[in-house]
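So, here come the structures, one by one.
Each of the next two complexes has chain A plus one more chain, namely chain B in the first and chain C in the second.
Here is the complex of A and B:
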């Protein structure tokens, strides 16, 4: 059976005066999936969410839910429910009446709507908070109430605007697991806007990376993290070191690329810009740092290493984060396991070699 | 504590305390004197000493023997103030909501409203009286005076609404629409209840500004005086403590209105911060 809650955006644009917030976005989100819109603030992700909800009119394009256009439909008639960043709980109503609000607007009798609201409160594990006022409960609890209030409308698509940003680290991790679990239990579409890469990768089926009103990559979290399309995605998602240089030698099996510090690196064939520049990426956790004085050569493939000086070492518990300065501007980061780091014997200020194996070189398709 | 008491109090403290004391004395001194003297004994006069204590002068007001139409003017003032209060509330709230979005001429309209505040009140009522005379209309307290007072209370009400709406979170409105509320339902179930404390404030201002307004009523109320005008007239003719009795009664009416409004606001905010919480410091967080 076809899942309901499929969302389609066709050429959606939004201009505020001269500013283009969303620029001709095409996107299909399968029904029943958890989708994250990821990007820095100002990239248009919240505007896109508000367009889907009906709180913003697109300047052009169409929004379809299960194949039906919702353009021109007011927010209250759309099969969407939004959870606002500030939660927007009604301060004059207790939690139960907040959740029952939409049923009250539909004219459902008091006893029935309160009964239903209590069920939803139990679902978000807030059953005991029915008679509290919003001002009396914590941010995390307010968020559950806001979620319950959205879910009671039985939406096809739930829209979450930066749902975890107001929580502290501990609750953020706990809540994102719960959001995901609830979405799977309800089997409806969740669209979650965030600027935190770890949040997007941990929760979603589909990550949509945005930049300046444009979608730059749509993929599974694994693809987005492991195979970023462009240097922008690689840098924003954050798991990669990006190398950029001029092609000095081109062969069938790959190019030799010269970095600004004169170091030459090899990458498999890929797109080259008109001024013969190209970039590639290597995952931070696929890099190893060894002391330059070590007798190593057997491990290092030619053109798969850079030299530098250890700038900082951070112990993150599960691994070590080693920052290596290549020259004045450029720095790379290697994430090393506890065992590898201890074996390497490196320290701050040491001249080192950071190296990787040829299969870890990832070609970036765009700049 | 002993450390604190030993610390020298700066001279500025005494200077400022003296200024504050003078301020309080000017504010409440006359009121208290009038309050005491209104209970003057039957044989007493307009000034101290008190010759016994009685309610004679309050009775004299009802009897209307020597005090002109005090009771009638009080009733007129009460109705006028209530009418002004209601109109101010309705118009200010709707205008405040209207001003939230830009419309052509919004700037001009805003300055027009500000001009009403700056205009001397006497000129407004004099102008109204003059126009009535020219076109042969009889000014009345319930028509022309009502309009004249609205030129004063509406800008106040609108400014209060600006302040109240400035703190209103627009996403509450969007949330209501998202949850299926029509525009009317959003107004009825979200906007008005949340803004209620501010709206009570507008109503209170509307009532009290109207209740003691002299300049804008002076030439625009026609033959029948409002209470402030009546008192003004009495100060020229009346020589008994009945004058003070009027003062005491009218002050009580004002106080009742203000206290009722404040109590209502505190109760609403206390409810929003949770009924079980009784700590004073949490009351303000409710809104």
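Here is the complex of A and C:
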């Protein structure tokens, strides 16, 4: 079966006066996929969503859904449905009529539209809330109603603007699982805007990382987390320690890089030549921290370690988060398993060595 | 020594605390209660009492008689007065509600910038820096037979003879009422409309509503309280007006209240008081009927 709901953005830009919110974005999202737009606030992700929905006109570029341009089409005629960050339920209508609103606008008779709305309410597991007013239900319940209102139009693309940001931790995790399950059941495209990396990685098929109105990486969640393209992505997605320094020696098999504290580290060949600055990354959970005086620490290889002092230790239940200060400004974080941490015997304030294997060094293309 | 068990001792203390709390809150409410009683309750009671008194040319004769009310209810003049006032109220209500809604819509959804909208709204209040009487009278030189407007039309060659219906007519009454009462209608509607979340409007568009449907199904229902509040103001102002009808019809017609003022002028206090009581009852009934349908208090508090 031909999957519908393919979204294509071609050179989409949006300027607000002097400010460029979205800068010549090209992106193809396959039909029936769950895509997260990830980036800090102000990176243009919400503007992009609003352009797709038709609530904002792009200054340039084209938006195509299943190969057809929707530019110039008003929001109400587009095969998209948006779920707003504030949910934006109609405060004067009960939940059933909120959901039935779009059918009412199309002139569907009352009995039929209420019947259909009830089905959708059941689908989002809010069947018992039909006659409640929005002000009488909780934030999480309002969100389900907002989702039901978006789904009733049978859109090809569902646009979710920070859908989980107003929920507390427990409901956030529960809801993101449900959103994913609903998307798979309906087999339509979901585009989910978020600034939370864990949310993007946990739910989506495709993660689009944005910065200052441009897309910096489009990949599967695994690729984005494990193989970030740039130091920006590595820092924002948060799974890596990023090292930044000057190339002092460049060979065929790799570069020797000097950090600001004078320490020299090895990385595979990178994008720049000797004397230029470059960066690389090591996953936080691929780092081991040992006491500087420890004998077994000998296993570390030259140029694959840094020295520092333990700044803080956080026990996260499944693992330990050890922060190590290298010099005044720089800090790295190692995530250690319970067993490794207990074996290391390190404590706050200890002089330590953080080390890793050569194959864990990931080359970053500097932006 | 305390012979009571500790439990009942606690209960006694609770009772005292509750009683004290009640006393404090009564004390806090007292100033307003006293003011309301002295300047509202008492005069109203006097008016009601006088309504049941007899009178002659020399003044009020203390008595208990229903004659004043009987004469009022059986007199055709009363019905004519009310019919006219209600006709004015209806026409003016319709015009001000349309004006108030349209201007609010413009301020909220076209101007968008809250400060600019507020500045424009304040501009609308400038005419209200002068008294209502002066603003009413100011229409006379404009609308008169040899007034500015007729003069202008003749100069432009649109008419040959001055239009007579402009002044001392129902038209003149309605135009000055509209001038007086558009703002009291506008402000509550504008207030309600400013509280509508912009995203709710977008959500309606997203759900397939066109501009007319957005207004009919979202904006109007969400402004309902403002519209009702404005309507109550306009209708009670018009039913309570004693000046505009008399001046703008050149004394041809009277309003309910101006008829009372004639009676007061002739020292006929009891029938005037009776008429006042009937008017108050009618207005209270109307307002309570409307507030039963719409929660006005909510829109005042928000």
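By our rule, the second predicted complex is superposed on the first by the 362 of 367 C-alpha atoms of A that agree within 3 Å, B and C clash if a C-alpha of one lies under 4 Å from a C-alpha of the other, contacts with A are read in each partner's own complex, and residues count from 1 in each chain.
Note that a contact is a pair of C-beta atoms (placed from the backbone, for glycine too) under 8 Å apart; a residue touches a chain by one contact, two chains touch by 3 or more.
All figures in this text were calculated on a predicted structure; none of them were measured in a lab.
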item: Fit or clash between chain C and chain B when superposed on chain A; value: clash
item: Partner chain in contact with A:171 - chain B first, chain C second, else both or neither; value: neither
item: Partner chain(s) touched by A:136 [first = chain B, second = chain C, both, neither]; value: first
item: Partner chain in contact with A:123 - chain B first, chain C second, else both or neither; value: neither
item: Contacts of A:244 with chain B and chain C, given as first, second, both or neither; value: neither
item: Which superposed partner A:303 touches (first chain B, second chain C, both, neither); value: neither
item: Touching both chain B and chain C, residues of chain A; value: 53-55, 74-77, 80-82, 84-86, 88, 90-92, 101-102, 104-106, 149-150, 153
item: For the chain A and chain B complex, residues of the former touching the latter; value: 53-55, 74-77, 80-82, 84-86, 88, 90-92, 101-102, 104-106, 132-133, 135-136, 149-150, 153
item: In the complex with chain A, residue positions of chain B that touch it; value: 169, 171-172, 174-182, 185, 189-190, 193-194, 196, 268, 271-275, 277, 282, 285-287
item: Complex contacts: residues of chain C adjacent to chain A; value: 197, 199-200, 202-210, 213, 217-218, 221-222, 224
item: Interface residues, chain A side, partner chain C - complex; value: 53-55, 74-77, 80-82, 84-86, 88-92, 101-102, 104-106, 149-150, 153
